[in-house]
Each structure stands twice: as structure tokens, then as C-alpha cells.
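Letters A, B, C and D name the chains as they come in the text, with residue numbers starting at 1 for each one.
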Amino acid sequence: MSNPYIPSIAKIMDIIDETPDTKTFVIEPGLSFKPGQFVELTVFGYGEAPFSISGGNEDSIELSIRAVGNVTRKLHAMKIGEHIGIRGPFGNGWPLEKAEGRDLLIVAGGIGLAPLKPVIEWVCKNRSKLNEVTLIYGARKPSLLLFKRMFEEWKKCMNILLTVDEPEEGWKGEVGVVTKLCGKVKEFSDALTFMCGPPVMMKYASKTLIDLGFSPDDLYLSLERNMRCGIGICGHCAVSGMYVCKDGPIFPLDEALKFIEKPHEVQGVLD
Amino acid sequence: MDTFVKIAKSKLKDFLQHIMENYTLYAPVKKKISRFERIEDPSQICLLPNRTEISLKPIFLPPKESLFRWKKVEDGYIIEDCLNGKEKKVIFGAKGCDVASLKILDLYMMEVSDPYYASRRKDTIIIGITCEYPRESCFCTAFGGMIPDEYDLWLTDIGDYYFVDIGSERGKELVSMELFERASPEDEERKREKIERAEQEIRKMAKIELEEYQDMEDKFEDKIWEELGDICLSCGRCNLICPTCHCFDVRDITNLDGSAGERIRVWDSCHLFEFAKTSAENFRRDRRARVRYRIYDKFVFSVKRYKLYACVGCGRCIDSCHAGIDIRDVLRRLIR
Amino acid sequence: MVEKKIEIKEITKIEGHANLTIEIEDDRVKRVAFGIHEGLRHFETLIIGKRYHYLPELTSRICGICNVAHQIASIRAVEDALGIEVSEQVKDLRKLMLISSHIQSHILHLYFLALPDYIGVESAIELARKDIKLVKKAFKLKEACNYMTALIGGRAVHPCTILPGGFSKRITKGMIDKYLKKMREIYPFLLESAELFLSLDYPPYERESEYVALRDGRGIPLYEGKIATMHAVFDAHEYGEHIKERAVDYSTAKRSLIDGRDFMVGALARININGKLREDARELANRFGIRFPSNRVAWINPAQALENVHYAMEAMEIAENLKEYEPEKIEVPRTDGEGVAAIEAPRGLLIHHYVIEKGKCRYANIITPTAMNAENIERSLEGYVSKIADEDDGFIRKEAEKVIRAYDPCVSCSVHVMRIGKMSTFL
Amino acid sequence: MNIGIFSLSCCEGCSVEFLNMEEEILDILNHFGIENFRLVKEVNKLPVDVAFVEGVPANENEVAKLLEIRRNSEILVALGSCSATGGVLAPGAKPVGHYVDVDHCLYGCPFSRDELKEFLTSIIIDKAFGKKEYSVCMECSLLENGCLLEEGYLCMGPITVAGCNALCPSNGKPCLGCRGSYEDANLKSHAKILLDKGFSKDEIIDAFSLFSHRDLREVIEWLKRR
């Protein structure tokens, strides 16, 4: 029996600057994972934190990480060739099989695009299995849009709608919240939606889509909680009898709604 | 098992001595507080008339434990697992609530096997004993009574003898010794009476009966959470003392220059401010929400997930709460 | 007319903030002022109105070095005031704490504060670069002493187990054995340290002084006894008739005189007053030709080193015969009373005096060793500098610092009181 | 990196406790130069990278000294209760944070050596160091000590910030609250509980004022009005 608490050692093979605050780390060895799953990443001495896998395969995986906390700030200071610890993959992953033969709407905000990138890459590989595919992606500023380098490639397979809250020089696209763009996808008839982003964004985007006639059962959200063990034991990510780490992080909307623990909580996801 | 046996009180010491030859023995001792400890000599054991102040939990899930140690080397890190070898254990003298709590802990800790817990828990032999008279805070009868479903041997004081119920093959092997005698129907009757009397006493005090899996979810917005939130100290004692609470925090400790370190886990409490905090937000900032979470986790969410109440009615949280929050009162309000 | 002024704005390697001004005119000393400029922390006002069981906790915070002495003096004064009985066993345990903290304080002073002067380095940190073994040894000794104090007291700085009449925790035979084992372990190093500090080249200055220390006629008491001078012996309760405090305008600390004279307290005073060094210590003194009573001021340092040996022997003797301590409920016979305790802190005599009414402190007077020594320090400096006044400034400065450091002044202790006077109180 | 240990008015127990790190100090010296430590050094310099300040300013000179230390240090750490919260001197004195920006506080009278080590490590390896948001009571329960509050002692554990590993209660003495309270502490409820347990208003105010006077001013006032 292998010990699920012991990380395996991985090496940073490449570091790609995505935005001023986000870097993609390419690490080896990789692992086989489902889009939407996450790993627990250890920076030895600093601690462990969960991160969605943003790409890769058994040979190497990519983790796109914003510097916000103790572990991530240290990680950002690390160099190619240094080592980290990895546990996982954990979590359930996006229900890709449900998308086959249907429209797919991908909605992302900010760093929320990271767990959806493997979905986009899957779409590009399996384009014929799907009908309409649209990516709606918003960020605070144009310079904070992730994976810009991939957009041209992705555009070959899907419709991409971008928006920013604060335009910068040279920005010709939309300005405003993601929700605004959601209103433009009326032509979808039988769509599955995968969504990840800040809680407020997910809340309003879901609401807009449901108003447009999207079925709540077809809306999948990726949630974030304080996952310490990653395997459903430590209790930190548990809500309403479910564990984000084990039963999620991806939940259909009505399940995800339970995570707010009811309205007066007004602190949590989708509040 | 159809035969019942008994053991003379005077022979109990010999029995325990015998156990200690093949197993490590854990039994209640009373120092400043009463708890289960590893026994070196049977005379250390203090069989209390009711539950110990500290539950069985720390034997299997210690308050603090190292998960692994690591050291930086030329090309990466070397990791040393802190998982220890197994120890053949016998727990002697546990009361019904504590034995019942193990079943619940097992569910939480071993749905995905926790190797540290599992290695300590596996093959542990349980020899329980009936409460003589309950504590004021006891309410195990709300969850089915004083005798748990699973045990290896169960002792009940019937005067000069302990009546012994056999609950497993392993238990049966243990009583094959000459120290045990066949019990008579009268002995069994006395045992039954004894248990009934004690249970009645608990019922009288506890005044709470829970039906199987009562729905309390509609009390989410009840005023009670505000009342409790005002008085709760968020000290976390109820969590730590609870035999079924199992949440833990994971921390990394290093030497001064960060070249070596260890990862430990420490019991955590869902009452603490930072328990549900992520890098982005704190999901249970409000004290009311934290108080409610503990109750819901034990009586609503556990039912959803495992079809059981994650409480055994030991009443330790009642005794330990400075603010005087009595989980029985809370439940009475919720099932009303 | 040649005038010079030597000023040390901040005397280092002493506990607390003090300064020194020496004015010399034509190779003659005109003025020596040992000033204490540390801010006032008026503990005697602070503890008024506090419950009696908080007094040891609060007065412990007068000083981070001799806090064990303060705590024990305080608890003894409280016990004296309220008529609380103390068993011999509790007294012995307190003595053990006093001794280990006493040795710790002496080691800190000898190795870290005094020794650099005699080896010609700036600090123990520099010394560590030169002779890491020696510094490590000193740290080991300190660590061992702290460990012993913490065994009984819970921790070495501001112990947390002392209660009126006893201790808050069980002190097992195992703990006492550990104490004994540790003391035996460091004993050879204490002998070695004594050899080192008895062999240094100390300033030769001698001055006839009054010495004051506890005396019980049996040994060199730390815990209790009568107060003795070279000329008189009196009960601690009568301290007020003999020791008078006064203020000087260049210092925030009070000064004390005994029967109108300046006087010295501390290691040298203790040995001068009592003699009675235990065998190993006596032998060492003889071997190095050191005789007591002595008026050589800088011999405070060798006296401390000898005391370490003496008290270590005493502690081992006590620990060998000590039984396990089990805490018990202590009866407090009354809630009103007046109490005085005189004990020996590492730096010398320490007096706590309280009036307690309805369980609360109504009056407090605390006289610390450094307050008692301050006048004596100044007079000694005056005397010594007069003899070397024709030397260059650097030399005078160094020698003056040696003398001040020999006293191991504890300035934080000395400024615990609020002085009524023109100096503004900032707090 | 250079550190300095500075004393304002106080008992200097924290300086002493710093020296009590004993052998660890030699390890610390491998990472830090001690540029300023009046208790043991004759030559003391500014600036320093990390300034540990114990005590409170008790006169104009000390305020000036504190300002000078702040100007000449990258990181200023309030070392021990006096400096961090005012400690036993609080009824009259103000903590260091009243005069200058404080980057970190090491609570306790004296501070906890384990916490100092944790802090120094965090500086050396550039790791976050924050105030604990839970109580001494929690730490005490982790040690399974048995409860002094239950036994009838006036214990400040439930409202006092953790980090000392429940030292006093582990030694049989109720927590005096020397570390001050934490943000989430339910101060009023604690006061009410103590009243319910039969302690007099006066006793509670005494206990609340002992170390944490500044933190608990509001509750003390509330108690007085009751």
C-alpha cells in the first residue's frame, strides 16, 4: 500500500511567464490525469497547496500558478532544475463524456482558465465529436489574460470571446464582466457548460445562463476550498457532507449551490 | 455465539497479564485526568464506573504526528516515511460510547485509507466493559444504548464475576483459557438487569431520543445559531475532546536554513477562525456558521454521507464547554 | 590647570541602561557620577491594589535575570504577611531553584559580561570567534542551569509554578533526580570555571567597605536568615531602621545607605560576612591565595566563581535527600497583614516588603541589590580613579568599566520604583 | 543578514531569553551577524536588517531611540509582551506599535523560544510568519492537560493567543494572558462565563488587566459598567 501523504519528487523543467503574476511550471515526471483534476504541490519547508493541472501527460505536466500565498510566492522564486513534491492527481475531473455530440460552452475568469485548458486541448483533439464550442474568458486587464500564446491555435477549433474589466492601450475587445458575454450565446441549443472563476463571476454567469434557458443539470463548476490532505480526510474542504477534494472539485450547479450552506452564510462560493 | 462465559474478578489480573505476553495492552489509568495508556503492570489500571475523560481517539489518531521527514540533497530531496510498524493491541476497559466511536472514526479515516490511522487501528482487539453508572452528561441511549454493535469481548460486572459476552472469533480465542467459567442463565439475567438499569438512568437524565436520521436541515436559519454564536469561545475544546472529530491541519517545520524538515499533522477544529479559509476568502468567518457547522457535520452531513449520526453521546463536549453549550439542548431544539 | 572629563553614555554588558561621568582636575578626581538613565517602571505603584497571588508574578517582571530571586522574595513576603506555613520540603525546592538560577546568573556575568574585558575582546560574540570551545562551555553551563530551574519552575525566565505555600505542579522524584544528575554533570566545569576566574589579573584596588548579607550561622544562606553587617545583625523586619534610601539628581534609581554608610552586597559580601565556604571552594581559594574577608573590589568576580562551586555542592546535598512533592491545597489563614522577606539575589541582598489588606496589596517597598550597591560603586570608582588619574583616558575608562561590571549591576532592577521629585515621570 | 536586539524600559528578560537559546545561538550566528546587543556587546551599530525591540519607551529619549531604530531597520519585531502589547506595564505604557510600524510581534512574557526559531527560520528561508488565530486553550487541549478553568481557576487560556504551547497550564498554573488576545477571541463571553463561574467582577477585571490591559480595555470597561 503506497502512502498517499508522501509526495513524489518532481523537477521543474521549464517556467513560462504567462502574466505579470502567473507562471506556468512544466514539471517531470508527469502523470496521467483527467482534465479538471488537481495535484497537491509541496515546496519543501514552505508547505503544500492544491493546484489544477493545466496541461501535460505522463511525461510532464503543466501547472499554471498565480503568486498569492506562502507556497506560491516561493514557487515563483524557484528556477528551472529545482525540485518540488507532487501528490495526486486528485479530484473528479470535468465530465467530458457528457459533451460528446453536444454544444460546449467554456466560461472562465482569471486564473480559472487553468483547469479548463486541458478541456480546450481535448476539444482541439476531438473537435469532430462536438457541435458548437465557445470559450468565454475574462480577466481584470488584458495583460492578465492567461495563455494568450495559445489563442490563435484554439481559435481554429472554437469561438473565443474575450473581455476585460479595465482596458489597456491597444485593447480592441470587449470591456465588462464575463456575464455580459454570456448573454451572447443564445444560439446554443443543447449545451453543456464548464465554468471556473471567482465565486462572484460564477454566481452571476450561472444565473444569466439559466435565465437564457440553460439547464442547471448541464452547468458544471470547479470550486476552490482549503484542501489540506487532498483525499477527503482532513475535513477542511468538507461542506454539506461532501469533500471538494474527493467528490469535486467539479460539481453540477445544484450540488455546488449546497456549498454556500444557505443564503445567510453570504461568504462563500456563489453567494 | 451461543455459550456465555464469566471470569472471577480475582482472576482478571491473570487474564490481563496473559494478554500482555502477546499484545500491548491499553487500559484506563487515572492520573490528573483519566485516559487510556499503555499498561506496563495491571495494577496501573483504574477501571472507572463510567467513561474516561479522554477518549480512545489519541491511541489511533494522536494529537500531533509526523507524516514524513525530508532532507535536501544534491539532486532533489530524500523523504523518510514516519509510518511505523504495526503493534498488536488490546484495548481493555473501554465503555460503549468509545467503542462505538471507533466505528465512526473508521468510516471517516478509512474511506480512503489513512495509512497512519489504519496501521494503528488494524487488528486491535476490543474488550469493553459496561458502565456502572453514567455521568451526568451521558446520553448514549440517544444513539442506541450502552452496548455497541461490534466488540471482541464485553464484560459486565455481576458481583464477584464479570459476565463475558463474546463478539468475535478473536474474542472467542481469548476466553479459551482456564480462567473462564461457563455462565449460568441467572448470571445472564443479572447482566441484563444491570445494563437495563444503567440505561434507564441515562434516559432519565438525558431526556433525549433521536429517531433514526431525523431531518434537521430546515433549522439552518434557526435563531439558535445566533444564540450559540454569541457565547461560543471558539476554543475548539469540543472538537478535540470528541471521539469522532478527526479533522487535522498539516504543517511544515524546518531547521533554521530550510535544508531539512518534517511534515506534521495536528488536530484541528472547525470552530477556529481560519479553518475554512482559502487564499481567496474565509468561508466560515462568522462564529454562528462555525457553531452550526459542527452540529450539522455530526447530525446532517454524516447522515447524508454515511447514514449515521457522527456522535455517540459520550457527553465529553458538554463537560468541556466553558460556555455551557449542551449538545442535548441543541438537538432538542433542532428536532422540535 | 588640566581638566578632563570621561563620559560613558551607555555602559554596555550590564543589565539595563547606565552612564558614567568622571571629571578629573590636575590628576585629581573632582567628580564621579554613576547615573542610571533607564526609564522608570514604577512597580511599587503598579502592584498596589493587586491580589496577593499576582505579586510574585508581577514583581518577577522587575528583572529578567534575577526573576527567580524576586519571585521567591515576593512569595516569602506574601507568606509572611498572611501567615502561610511553608514546609521544609518546599523551602528546599525553592532553594534548588534559587541555586540554579544563581549559578546561571553568575555564569552569564562571568563569561559574557566580565570575561571579554580581561581577554581583550569586545564581546562574547567576538570571543566565540577566537575560542569557540570556551564559549560553548559557557553556554552549556547556562543551558544546564536553565534546565534545572525549569525542571522545578516550568521555565527559566519568569518561572510559572511558584504559589503561596508551595508549587502548582507535582515535582516527581524523577525531576529531582534529573536536577541532581545535571548538577553533578556540570560540577567539574564549575570547578574549571572557578580556576579560570581565580587566575585572571584583576584591578588591585582595595577599599575598606561595609558589607551586608544574610546570615544564619550555618553556611552562606540564600533563602532566609538575619541581615548581617560587619558590625551588627538584625532581623529582616527591622530593615527600615537601618537601611535608608535617598535620591540623587543624576540617576533615576534610588540609593541606599546602611546606618549612614555606603555598603556592598553580593558574592563578595556574602563570603566576607559568612566565611564558611564549602570544602572544594575553600580549597580553590586557598590554592589561588585568595583570603576572605577581602576589600579588593574586583574580587567580586572570583567570589562569584567560588560561590558557584559552593552552592552546587549545597544543591547536590539538598537534592539527594529530597522527596517527591505533591501539590496540596494551601490554607491562607488571614487576608490582612504586613510581611517582609530578605533573600540573597545573585547580586546581593533583596528585600520585599508588603502590606496586604483584604487580600490586596496596599503598600509595597522593594529594595534591590543594585540600589544598595549604587553608592558603593561610585565611592569605589572615586577611590580607584584617584589612584590612576594620571593615566590616559582609555585606560581609566577600561578600568572603571571593569570595576562597574564586577558589581554586575542590574539596572532594570534598580529602577523599578517611582521617585517623587523633579524628574518627570513619562509613564 | 544583521540583527540587533534592543532594550527599552523593561526587565530585559527577553534579552536574557534570547541568550538562553544557548547552543542554537551559535547556529543562529551562522546566518545572522549580531550587530547590536547592548547586554553582551560593547560595539553596537545601526543599521540592522532585523531589529528586535523589547520593552516600552518610558521617556522621550527612548522614544527617540525607538524612532532611530525604526529608521535604521528593514524589519522591526516587537519582542515580548511589553513591546507587543504593553504587557504588565500596559496600564501606563504604550506598546512599541503605538510609536512606530511593527512588522511582527513575538508575544509572551518572555517570548517563546520555539516561536522565535520559527520566526528566524521564516526570515532565513523567506517564509510567511503570521499571528496565530486561535487560543492557548486549544494548545492546552492538544496536550490533553485537563482543564484548570473547570477546576475553578481563573484561566485566560480561551482568549489568549496561542504560541507558548500552553506552558503555564501545563505546569498547573492558570494562563495569565501574557500573550494578549487574538482577533477572533470572544472576550465578552469569556467574561460572562467567569462571572457565571462565581468569580467577582473585581477579580475578573484584575485578571484581565494584568497583562492584556490594552487589548481588553473595552471588556474591562463593560465589566465595570455592569
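Methods note: contacts are C-beta pairs under 8 Å (C-beta built on N, C-alpha and C of every residue); 3 or more make two chains touch, one makes a residue touch a chain.
This one's a predicted model, so the numbers in the text were calculated from it and none came from an experiment.
In terms of Cα centroid distance from the overall Cα mean, chain D ranks first. Annotation: 36 Å between the Cα-based centres of subunit B and subunit D. Centre-to-centre separation between subunit A and subunit C, using Cα means, comes to 66 Å.
With centres defined as mean CA coordinates, subunit D is found 26 Å away from subunit C.
For the pair subunit B and subunit C, the distance between mean C-alpha positions equals 53 Å. Under the contact definition stated at the top, the residues of subunit A that touch 2 or more other chains are 45-46, 69. Contact with two or more other chains is made by residues 254, 258 of subunit B.
Listed by label, the pairs of touching chains are A-B, A-D, B-D, C-D. Across the complex, subunit A meets subunit D through its residues 45-46, 69-70, 73-74, 77.
On the subunit D side of its complex with subunit A, the touching residues are 125-128. Only residues 1, 3-7, 9, 11, 44-49, 68-69, 72, 83, 85, 198-199, 224-226, 228-229, 231-236, 238-242, 246, 261-262, 264-265, 267-269 of subunit A touch subunit B when the two sit together in their complex.
Across the complex, subunit C is touched by residues 7-17, 19-20, 22-23, 25-26, 29, 34, 37-44, 56-62, 87-89, 91-93, 109-110, 167-168, 170-173, 176, 203, 206, 210 of subunit D. Of all the residues in subunit B, the ones that touch subunit D in their complex are 32-33, 35, 53-54, 58, 63-64, 230-237, 240-241, 254-258, 266-267, 269, 272-274, 287, 319-320, 322-324.
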